[in-house]
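Okay, so subunit A shows up in both of these, paired with subunit B first and subunit C after.
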Partner chain A sequence: MATDINVNQTEENRAERARTGQYYRPHVDILEEGDELVLVADMPGVKSDAIEIDFQDGVLTIEGSVEPRYDDKVNFLLCEYGIGDFYRTFRVSEQIDSNRIHAEYGNGVLTVHLPKVEEAKPRKIMVNAAG
Partner chain B sequence: MTLIPWRTKHPDDTPREQQLSPTGGFRSEMDRLFDSFFHDAFNWGDRPWGAVGGWGPPLDVEETDKEVAVRVEIPGMSADDLQLAISGNSLVISGEKKETTEKPKGGYVYQERRYGSFRREVALPSAVDADDVQAEYKDGVLHVRLKKSQEALPKRIPIRAT
Partner chain C sequence: MVLRRANGFNPLYQLRDEMDRLVGDFFGPATGNVAQRIGAATRSFPALNVWEDGENLYAEAEVPGLKSEDIDISVVGNDLTIHGHRGEAEREGVAFHRQERGVGQFNRVLRLPVDVDPNRVEASLKDGVLLIKLPKAESAKPKKIKVSPAT
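After this line comes the complex of A and B, so read on.
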């Protein structure tokens, strides 16, 4: 079966152009857990109330803002990571029940649960004999 | 500088340090070039984390008059799984990042996050007081503050006019 969820590069590039300022793409794991997809994203330095999750037209957006940590005067001896918000979008091909999406955050890791829509039951359509 | 060079968080993105300030970015980029040149030339194959899975979290080291602060971006840990040690003039940060979930029933659709043991060694720019180290782990960032030892603090030497 094809990948149920994938990062749509075009979508991301478009988003990139629409946004101002610096942001970083969080690293994610996506797991298939039977009746739901679970997305786990590394977003270190973000506070739980600074995270926004949006699901619209099959596109999941996760966003987290990071408060600046440094003064300009700091003397860096080594700087391997800096400051910037996290932002990433995903196009989800699976049918997701958007009302039941829930998420938790702890120790710099965001976990988003995306429950699948229950399989549509086969429906018999009665045909009434006319006349 | 003898700090160990490390990759940027996302190799495909613009390195973050270049965005902090134009000069700072250039400086750290030059440092990185020097580091990687000397490290590769003289310590080839001697990467401290190479033996334990080939990865390490990115870190920042900053120096003020009285202290040295190290910040490590290492999300998804518990404080118990992190170890800190001062050995010689180095700070050693090690630990094991465990997988947060059990093996998923349907498998992984995507896996970008890193797991396993890691070890990073940071050469400290001055002597520190090993008994006065503060370490805090919050929102996936480990923040270590080391006070410089008295001997390392700048001393004013009076000059007598004769």
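After this line comes the complex of A and C, so read on.
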């Protein structure tokens, strides 16, 4: 069982530069299952067509835009959370087969599957005796 | 800028919220699982936004990963109770690198500021967002008082 963290979050300031405006960092679980990394993110209030997933140079970016659900001028009796877009980036140190990355979204939860590149199998080289 | 889910609201409701939390902690499930894992980020789960118009109170909560059968909502007197469970799929041979999403049972009790009609409470769940509509009781609706000129 691997104990090292294969997926590190990229530095906050990098994310800051990548995007301006206000956004929320979704809570995530990252796990390793079989030959893939699986990232599970809580992104409530996002529609599945408003999600963007990008994987480039070992950096995974997930982004979901949230439509306002009510006028911010409403008469709040209790306001414990804000509503806004979700955005978070991760640096993935494992070799990922980017062509096979796939994702699904349901009930406010995004799941991204990142299949690992098959490691090169050791190959025996036969040495033929010179004739 | 990165926003933390913070609250800035009426001190009166803060006090109420404190009470809610005290009661919740006292009567809440003994496992403390959600309190530890979700509660670390958002004091009590689920966090609620509550607002009103002339006819209704509205309570909204973000409950990603929950299906409607995982949530029980009840209104007894002036107390709105949201009770539920967020499960975790049993996975064999899985190594977690990061685990921020809370799992387990939760129970949130909110004392409503006005009387509502418990028979007409409606709730909907969409994309992990729960919206509860609580129609105000007739006695709680605002009334316009006409001032008639003295004769």
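FYI, the second predicted complex is superposed on the first by the 108 of 131 C-alpha atoms of A that agree within 3 Å, B and C clash if a C-alpha of one lies under 4 Å from a C-alpha of the other, contacts with A are read in each partner's own complex, and residues count from 1 in each chain.
Definition applied: a residue touches a chain if its C-beta (ideal position, glycine included) is under 8 Å from a C-beta of that chain, and two chains touch if they have at least 3 such contacts.
Remember, it's a predicted structure, so these values are computed and weren't measured experimentally.
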Taking subunit A as the common reference, can subunit B and subunit C both be placed on it without clashing, or not? Answer clash or fit. clash
Is A:43 contacted by the first partner subunit B, the second partner subunit C, both or neither? both
If we overlay the two complexes on their shared chain A, which of subunit B and subunit C does A:29 touch? Say first, second, both or neither. both
Tell me which partner A:53 touches in the superposition: subunit B (first), subunit C (second), both or neither. neither
For A:79 in the superposed arrangement: first (subunit B), second (subunit C), both or neither? both
Applying the document's definition of touch, where does A:108 land relative to subunit B and subunit C: first, second, both, or neither? both
Per the definitions at the top, what is the overlap between the subunit A residues touching subunit B and those touching subunit C? 5, 22, 24-25, 27-34, 37, 40, 42-47, 69-70, 74-82, 84, 107-109
Please give the residue numbers of subunit A that touch subunit B in the complex, ascending. 3-5, 22, 24-25, 27-34, 37-38, 40, 42-47, 69-70, 72, 74-84, 107-109, 111
Of subunit A, residues touching subunit C in the complex: 1-2, 5-7, 12, 15-16, 22-25, 27-34, 37, 40, 42-47, 69-70, 74-82, 84, 107-109
Sort out for me which residues of subunit C touch subunit A in the complex. 1-3, 5-10, 13, 17, 41-42, 47-53, 57-58, 60, 62-67, 91, 93-102, 110, 113, 127-129, 131
For subunit B, which residues are in contact with subunit A within the complex? 1, 3, 6-10, 13, 16-17, 19-21, 24, 28, 31, 58-64, 68, 71, 73-78, 100-101, 104-114, 122, 125, 137, 139-141
